[in-house]
Amino acid sequence: MPGPVFLTGERVELRTVEREDREFIARHRNDPAFRRVLGDTRPMNLSAATDYLESVVGDDDGETFLVGIGDRTVGLCFFYDLDETNGSAEIGYWITLEAQGRGHATDAARTLARYAFDERRLDKLTARVRAPNVASGRVLEKVGFREEGVLREQEFVGGRRVDLRVFGLLPSELER
Amino acid sequence: MPGPVFLTGERVELRTVEREDREFIARHRNDPAFRRVLGDTRPMNLSAATDYLESVVGDDDGETFLVGIGDRTVGLCFFYDLDETNGSAEIGYWITLEAQGRGHATDAARTLARYAFDERRLDKLTARVRAPNVASGRVLEKVGFREEGVLREQEFVGGRRVDLRVFGLLPSELER
Amino acid sequence: MPGPVFLTGERVELRTVEREDREFIARHRNDPAFRRVLGDTRPMNLSAATDYLESVVGDDDGETFLVGIGDRTVGLCFFYDLDETNGSAEIGYWITLEAQGRGHATDAARTLARYAFDERRLDKLTARVRAPNVASGRVLEKVGFREEGVLREQEFVGGRRVDLRVFGLLPSELER
Amino acid sequence: MPGPVFLTGERVELRTVEREDREFIARHRNDPAFRRVLGDTRPMNLSAATDYLESVVGDDDGETFLVGIGDRTVGLCFFYDLDETNGSAEIGYWITLEAQGRGHATDAARTLARYAFDERRLDKLTARVRAPNVASGRVLEKVGFREEGVLREQEFVGGRRVDLRVFGLLPSELER
Amino acid sequence: MPGPVFLTGERVELRTVEREDREFIARHRNDPAFRRVLGDTRPMNLSAATDYLESVVGDDDGETFLVGIGDRTVGLCFFYDLDETNGSAEIGYWITLEAQGRGHATDAARTLARYAFDERRLDKLTARVRAPNVASGRVLEKVGFREEGVLREQEFVGGRRVDLRVFGLLPSELER
Amino acid sequence: MPGPVFLTGERVELRTVEREDREFIARHRNDPAFRRVLGDTRPMNLSAATDYLESVVGDDDGETFLVGIGDRTVGLCFFYDLDETNGSAEIGYWITLEAQGRGHATDAARTLARYAFDERRLDKLTARVRAPNVASGRVLEKVGFREEGVLREQEFVGGRRVDLRVFGLLPSELER
């Protein structure tokens, strides 16, 4: 049984993260095909998934939500590195391979950004996307993010170094 | 129910280690015939197997995976003594007696090495094999490892001292 | 369900000690007839038996095994006071009254001694037997132990002081 | 008495951080004129300075050094957000107002970068500079860093939002 | 005041490590010229030196001694990775730059090896030397060690990968 | 300043052990010549000597006393492995090399035995002496101890195995 709905987008619902969600998290975090997308390089067993859920739920520097379509869970979205003094945070999201290509990521990111600006008094959001992940960059642009830089050879993925694109969003730019 | 697949080889799958795997671990770690292969000289009851699983899962200096063929668990592979500054680690693996002789160890070791170089940015892998264990040395050679030394009379096994062969693998040598 | 077999003698099997074995331990440790044999003078409830099991399993200075015939548990054997610098340890064993007189103790003690010399690199084993317990002394002699001394009036048993015979075994003397 | 020299630049020496350095840290971290440069908005008493020193010394994700000219301490330099899997870290530095303008920051940053690449096996360094702090950007350029992006209105300083320039350095680009 | 003498070589004395020795340790562990010899890449302030001393003194898996000539401390020698079941350990030593070239390292290593074999019942010692450190390899050969292997490109030193030579010593080979 | 006198022999006084005595303990426990007598093979720095003193002072299974002649401390004597149910304990003692040969050990051991029997209600004392240490065996015989056994090759000393003589004393045998 998924947790209660906290935010509603056009179609997606952002729900609280519950202990029961650890199987969902672990399954996708370990999936070799999906791991490449997420940029996770370490295995996560059920116990580690539990620890992860507990850490994000209790985290003062961010918020994490399950992305759902009705009772079906299709992904995760979150912000982290919340800096209250500067009013900034970084956002992230992922949608399972089966549920991709239907605008769920865009819907979730936009809903999350609106929450950050309207309910949390933030003034700036950033997001990072690996250069080869073109689809994820397009999601950000639809929400209103602009590319603010390219960190050259910033990460080590699949045996070679890849660029990291940095995007930023100001409250006035959000496509509501 | 085995944990999710984290890496896939030609035939084997490397899965996360879960609490349910402790019976499998304990059964083989205590088996007199198999103990000789593993080089383990101490009994491990269920409670110790649980502690062992928790310690390897939470270990910052390595990673441990179950080796599976479909839903059947046939062994364990891992790296440890991970040294981030030098970019080196030591690998190990074992396959149950019933499942040996079918290339599973080679497949698992190769998959693990590929992960270490491509996803974890390591630059050198080593492995140690007792001289009498000829089969295990051959596994390493098939993966691309070269013998780099023989530690004379390094271990005490079955009442006498035995040599330990040390193997090393550089990224360019991995038979992918 | 008994723990996995760790060592096999001619007929007995030495198994890991599991939490489930606490009833077996407590039943015999409290039995008035048997207590005399063991030299235990204090009651042990289930909780104390659990503590006892946890302490012997986690003990760095020894190892404890259940003695089994197939699925039936017939006793306990162990070594303790393990001294790595001197390469010495003391061994002990007990077989339930019902299962005595069939060579199980000899089989268990011999298996344990072989393990200590061949897998743990020890160079000397000792054992202590109360003088009135003639059968236990004979067990040690069959394994190859020699009497090295008699500690006069060393213990207080059943209202009077009794001698304690000290036995010793060198690797070359073990009747394999 | 300052701590021992760990790295030597052209003129500056990078020393270990010792408990005695907390007065130096606290004095500059609280200085209203200097705080603007550092971007620190919170008071730091001696006890907080001690906590700060202990946290940076024991930090696995970075290293901190005092910048000295002979026995005189003129600033601090450090790297943090060390990511061993990706081989990246972020660097920072500050020089006291009295000692600025003599190339000490450049010397310290270059020495730190050389250490990160040659002794710590890192493959990428980044640094962030507030756009109004032109001098600090020039320091990075002299070391070989290139501007990789501008995070628009990323921070809140002196009542208004300011841009943050992000710089990056690859090993081949370091002006040694 | 140095700690009491525990072992005496031909000219050197091996003393217990005391809290007062932390300045000596910290000074040499941070020295840029000497760090290259030691292979240490992290700064160590006085507080970390204290922690280090406490950890080596309380370590069950080894022993550490100061190397002294009369009241003057000239280095450190130690063994670690003590494996009681296999009867093996790894040794290490360093002599300050000022005191090198007079046979102190050889004298200390030989004294340490004699102690390991005669008082600690070990059966095998190993040591590792970076290939470029020819002098340290010669020290081991004078003590009786033989090269047992070369771990290719095992460490990252000064911006490039270097080989690690592995040496071994059996009790019968020690030049007493 | 030595602790208060607790027991008086013919000439020696047995005093309480104080924190200040750690230098005395450490000096003799590390002395290469004396270590052979004591059978100690591990270094003991000041901090470990402090721990040792605290452990023996707080030990429920024995008592430790300094042996003094007036204000001069000449050794240590103690009993341990106190078994209240059986009324037994093991005793030990050592006198510094400078103070040996004047009957101090005999005086201390006799005083300690009298205390054990008369004030602690013990019924049996044992003591162990390495066979090569003839003088220490003679001390025990003067007090009334009888040799009860010889544990063959029980310890590893100076590179070879040595026998351990076991002595016992009953209350009626004490030469008062």
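Letters A, B, C, D, E and F mark the chains in the order given here, with residues in each chain numbered from 1 onward.
Everything that follows uses one rule, which is that a contact is a pair of C-beta atoms (placed from the backbone, for glycine too) under 8 Å apart; a residue touches a chain by one contact, two chains touch by 3 or more.
Bear in mind the structure is a predicted one, so any value in this text is a computation, not a measurement.
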Counting hops between chains that touch, how far apart are chain A and chain E? 2
In terms of touching chains, how many steps apart are chain D and chain F, taking the shortest path? 2
Do chain A and chain B, two copies of one chain sequence, contact each other through the same residue numbers, with over half in common, or through different ones? different
Of the chain pairs B-D and C-F, which one is connected by the greater count of C-beta contacts? C-F
Name the chain whose C-alpha centroid is farthest from the C-alpha centroid of chain B. F
So the chain most remote from chain C by C-alpha centre is D
Kindly point out which of A-B, C-F or B-D repeats the C-E interface, defined as over half of the contact pairs being the same residue numbers. B-D
Where the CA atoms of chain D average out and where those of chain E average out, how many Å apart are those spots? 35
Using CA atom averages as chain centres, what separation in Å is found between chain B and chain E? 31
Chain C: positions in contact with at least two other chains: 85-87, 119-121
Check the chains against each other and report every pair that touches. A-B, A-D, B-C, B-D, B-E, C-E, C-F, D-E, E-F
Would you tell me which residues of chain B are touching chain D in their complex? 84-87, 119-121, 123
Hey, which residues of chain C end up touching chain F in the complex? 41, 85-88, 123-124, 126, 146, 148-156, 161, 166, 168, 170
Please output the residues of chain B touching chain C within their complex, sorted ascending. 26-27, 29-32, 35, 41-48, 156-159
Residue set of chain B touching chain A in the complex reads 3-8, 15-19, 54, 57-58, 63, 65, 117-121, 171
